[in-house]
Amino acid sequence: MISVGIIGGTGYTGKYLLEFIKQHEMIAGYTIYANKSAGSKLLDVFPELLGVIEDKTIQSVNNLSYTHDLYFVSLPHGESLKYIPTLLDKGIKVIDLGGDFRLDTKELYNEWYGFEHTSEKLLSEKVYGLVDIKNNKIENSNFISNPGCYPTSIQLALIPIIKKYSDNIISISSVSYSGASGAGKSAKTELLLAELDGNVKAYNINKHRHQPEIEQELTKVGMNSPFAFTTHLLPIARGIYSTSTIHLNSVIHEDEIKEFYLKEYANSKFVRIRNIPPELKWVVNTNFCDINISAKNKTVVITSTIDNLIKGASGQAIQNMNKMFGWDETLGIIK
Amino acid sequence: MISVGIIGGTGYTGKYLLEFIKQHEMIAGYTIYANKSAGSKLLDVFPELLGVIEDKTIQSVNNLSYTHDLYFVSLPHGESLKYIPTLLDKGIKVIDLGGDFRLDTKELYNEWYGFEHTSEKLLSEKVYGLVDIKNNKIENSNFISNPGCYPTSIQLALIPIIKKYSDNIISISSVSYSGASGAGKSAKTELLLAELDGNVKAYNINKHRHQPEIEQELTKVGMNSPFAFTTHLLPIARGIYSTSTIHLNSVIHEDEIKEFYLKEYANSKFVRIRNIPPELKWVVNTNFCDINISAKNKTVVITSTIDNLIKGASGQAIQNMNKMFGWDETLGIIK
Amino acid sequence: MISVGIIGGTGYTGKYLLEFIKQHEMIAGYTIYANKSAGSKLLDVFPELLGVIEDKTIQSVNNLSYTHDLYFVSLPHGESLKYIPTLLDKGIKVIDLGGDFRLDTKELYNEWYGFEHTSEKLLSEKVYGLVDIKNNKIENSNFISNPGCYPTSIQLALIPIIKKYSDNIISISSVSYSGASGAGKSAKTELLLAELDGNVKAYNINKHRHQPEIEQELTKVGMNSPFAFTTHLLPIARGIYSTSTIHLNSVIHEDEIKEFYLKEYANSKFVRIRNIPPELKWVVNTNFCDINISAKNKTVVITSTIDNLIKGASGQAIQNMNKMFGWDETLGIIK
Amino acid sequence: MISVGIIGGTGYTGKYLLEFIKQHEMIAGYTIYANKSAGSKLLDVFPELLGVIEDKTIQSVNNLSYTHDLYFVSLPHGESLKYIPTLLDKGIKVIDLGGDFRLDTKELYNEWYGFEHTSEKLLSEKVYGLVDIKNNKIENSNFISNPGCYPTSIQLALIPIIKKYSDNIISISSVSYSGASGAGKSAKTELLLAELDGNVKAYNINKHRHQPEIEQELTKVGMNSPFAFTTHLLPIARGIYSTSTIHLNSVIHEDEIKEFYLKEYANSKFVRIRNIPPELKWVVNTNFCDINISAKNKTVVITSTIDNLIKGASGQAIQNMNKMFGWDETLGIIK
């Protein structure tokens, strides 16, 4: 049994971390730390949890105790950096759900995030926790950088085809649509229901911070073709739908590709290969990633879906924790 | 031909005023005044109007010109009060779309709005512009107080039955549901799509400012029974659905009530008496109010629907303007 | 450990029964029976359950095995009646989620459902399973009639105030809004998303079949005032929001009423008394009923919320099962 | 002044044709023909039009009168074919809003629509009415085939870049999302709000009938690169959002491309080139197509939006009619 801290635990991600932790048989206790809502009661922040969890006071991030075995860090860009080095120095395990350590170099942070990264050493020491892709480093790591939501949906869809067929690929174009919870819980006019109801919009075209993350990781498995990535906002709360179009030099039969995906994910309890294009609601409120492969002539279209708050954040983090501690990876996630 | 000013013209109400004015054959020109967005271009505030209206610069409310024949005032509570007395003193016509003059007494403003009203004289001089109820004062008025959105939907539903059957009524209970645009365009976490999607909530129970407005007006037509009014937020952008339950001392036949409504609204081009409960979408983006009367034994249920931004605000204001100037009341509204 | 049958298990209600049963530690096995989808695989009907439950073939209702300890019956009106008498004759326990046994007399079925009820004896033998109201009969019953969704939300909101204050009540008016899943899964043009998106409508005014059910039960606890009930369709999938307005002869202080509710529901793990009007999403996907009481002068407004498919159907049915078998009532419901 | 017939006028497309016709100053009268709803009153099919249009009886398609100057035909695949040759033989003008004449060859109909086309001659005589692309044939034509909704959004986005830069293009991948009204008004379980609320799904991957239509037309303007097209369903009623990703051999500056688009559409009153990615709601309920071009390195992303029922169907049809008769193309569309 362990105890955990959640730093920045009062946003959308924090809520689901809490729900998983509450039902996790290996977690004995937890503390919630936050900035603005420090001092508030947990049930005032999450009134829906009345009767589900015990109430407790939210602690200030400024008074971190360093008494827990593991800390989940879920803070805005540039904030994780302030706390994680100290935690790691004290020998405490950390899973960072923010973007501060996902990229591998200072240069990428300068270019895409616009800040000077101060922990270059940790950038190379961290393990990128795309947990459904086999990676022995996770088990032995003290520090996991949890992947971004879009990157999770796109990498799980593309890694097998790139691994096996990269030289046949002319170009890859990924288009993702996300529910509005992906933009977080802070009040912005453009995120009001009265603005978004019945509405859709592309945003951050050619400049979304998840693009270098995806390119960095796909390049590691062999991608050598042009890649593009465009994000959109859906008028619903949750879920990501990603559609990746791959143009090939020569025909590959759909069954052949699908068979390879089935093999690659044979031991992955949270990746489901589908015979028809997935519906988003099949994965909402779950830790699953659904993937469908459709090929015709020299075109392959791969659709993939996740819940942005679960598989794209808290669910994947819990799964990473389970691996770090050597537990069954479904613990606390599937009942 | 006249020209008009819109004070506070960059909110949701302002947009529809603009659309009506733009297509109104008796309006030659207009100026938009605002606070925060003064200096901005109109098409930056309303990009959807590109190709529909000419762009122009939004003027500051602090630099009112007093050169227009009529001003529509659409400002937050307590703000209209600053400008309207001066406009009226200069002999300019005013239609106020806010709540600063709807109630008849200073005492009610103290109790329900929590401020000291400084224009008691105007409270009694204003004409309450519930325009679909015959009222000769509108034609001769320089100053119309445009009714609230909920009060419009409920008064149009209840005035006939109260006028004719008040002594038979035991109690009236009105329940209204409104789209989120009714809460305005300012950024609040509780109005985010990620919070409201798939959600519903009652709010301001027993303390909504539209309650004294409704009671004041229904009492004038004879209401002498207990009345209650409860408001809710819908997870959609537009429209109000009001359901009023009336318990009677003795049975009245549904056909008799319905016939009276048809007679009362025989000359009202924007009130439609329906044989079945109305669907909200029938009135969204229109200036109509749909009403259905269902009676069984000693229970009468009256459902009524409006678009909160049109019949509940800008459409009714345009209709009031048409009456003030002696024009056909549908001018600029129905093509 | 027991095994259960689900008759009519492929609708919306069936899905949640399945999810509860799957995670219920006292249920060893189950069979799904259906009409149209007999012969299909369970995972073709519920593809979202891939990786969550084992696939199995759906059996025909015509081939009931009578081998289970308990049957949940979830069939259209008039259909349950065909199977339940035989099941009970064989000494098998039954929980009926349909409307065939909720009313107490043949006459009410003639009037409201339009059919001749053929099991008058069972109408009086069944136990009406409004499980959050203390009722020792449930523990000893073989046959529970599970309450309707609207009646659950309204009775839990009104029973305490009627029990204690019935003589002070002038009238009660309940208005309910339900998500579209309440209308079931059969294809009707009026239920298309393209029709309902952004739409709201009242329906079955003064003739909804849940009205006599509510009146029958509220009368048993002392209601002697006029009561009305109006239902509406929301443009969302799930949840019921009920608002009940009560006019009183004399003032009762809000705190006094609230205190009585807290006492009445002190042992109810699934009823939560709220200090503010509940948000619908707090209960969606849970077995909770949230209730708020707001009183001012002689008006009391009680808002109550449930998930129509869980507390209003499958969740309440599981809770009834838990009581029938003497288990903790939260088993399989709260993790 | 002319009079028109609408064949198949009771679906979603029919409604907007009706609204445009009603406010069109050059149309003196009209008749609605339909199959299933023949004999019904127009206001029973479209109750929202009460007070807006005069009621009339819907005529049977079997009793076509041939007395109108122009017929709009809006029928399911394979149905238009039955009526259009006769209308044209009688010298009557026709605008077909269905898919029966959009493709140029019998072979394509065999392959993609699965039927034997019986009017090969008309396939080559029809004019494909993508009206915002300059085409003198429209003015002189008696028979317009109105483009599909997706093809309208994608062709307007891609034609300029293909015309000017086709040899620089490596691949094009278009991804479109459509509101559910695009699937029509017939009752299907998968289109229920209870199924689609909060849901998204890709469909007809690599086999949508609009794909050969787009490829046929883009090839005519010079496309010589691989092209793919994937369609998705949005949980909203209206609008299409198309995102086209183009990989280039060599960099082209965004400003250069944008300038060319502005020039190409300089005289198009319904195409708006945007500096930021368009929001879908800007075009819903309008005849506009909004287009944004974003280029970085060798990637160009073009987003384009339309209202599927207006610019993608009835609005474009009215615009085609205006051109056929030599009227201002905005007549009846922009007030």
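A, B, C and D are the chain letters, set down in written order, and residue numbers restart from 1 in every chain.
Note that in this section a contact is a pair of C-beta atoms (placed from the backbone, for glycine too) under 8 Å apart; a residue touches a chain by one contact, two chains touch by 3 or more.
Just so we're clear, the structure is a prediction, and the values are computed from it rather than from any experiment.
Identification of common neighbours of chain B and chain D yields A, C. Counted by residue number, the contact pairs of B-D are over half the same as those of A-C, the matching pair from B-C, A-D or A-C.
Put simply, the chain farthest from chain A by mean CA position is B. If you compare A-B with A-C, the chain pair joined by more contacting C-beta pairs is A-B. Spacing of chain B relative to chain C, judged by their CA centroids, is 39 angstrom. Mean C-alpha position of chain A lies 46 Å from that of chain B.
Chain C has its Cα centroid 37 Å from the Cα centroid of chain A.
Across the assembly, chain D contributes 179, 197-198, 235-237, 279, 281 as residues in contact with two or more other chains.
Residues of chain A touching chain D in their complex: 170-171, 173, 175, 177, 198-203, 205-207, 226, 228, 230, 232, 234-239, 241, 243, 245, 247, 277-281, 284, 292, 294-296, 298-299, 301, 303, 305.
Residues 12, 179-181, 183, 185-189, 191-198, 235-237 of chain A are the ones that touch chain B when the two sit in their complex. Note for the complex: chain D touches chain B at residues 23, 47-48, 50-52, 197-198, 269-270, 272, 274, 279, 281-283, 285-286, 288, 334-335.
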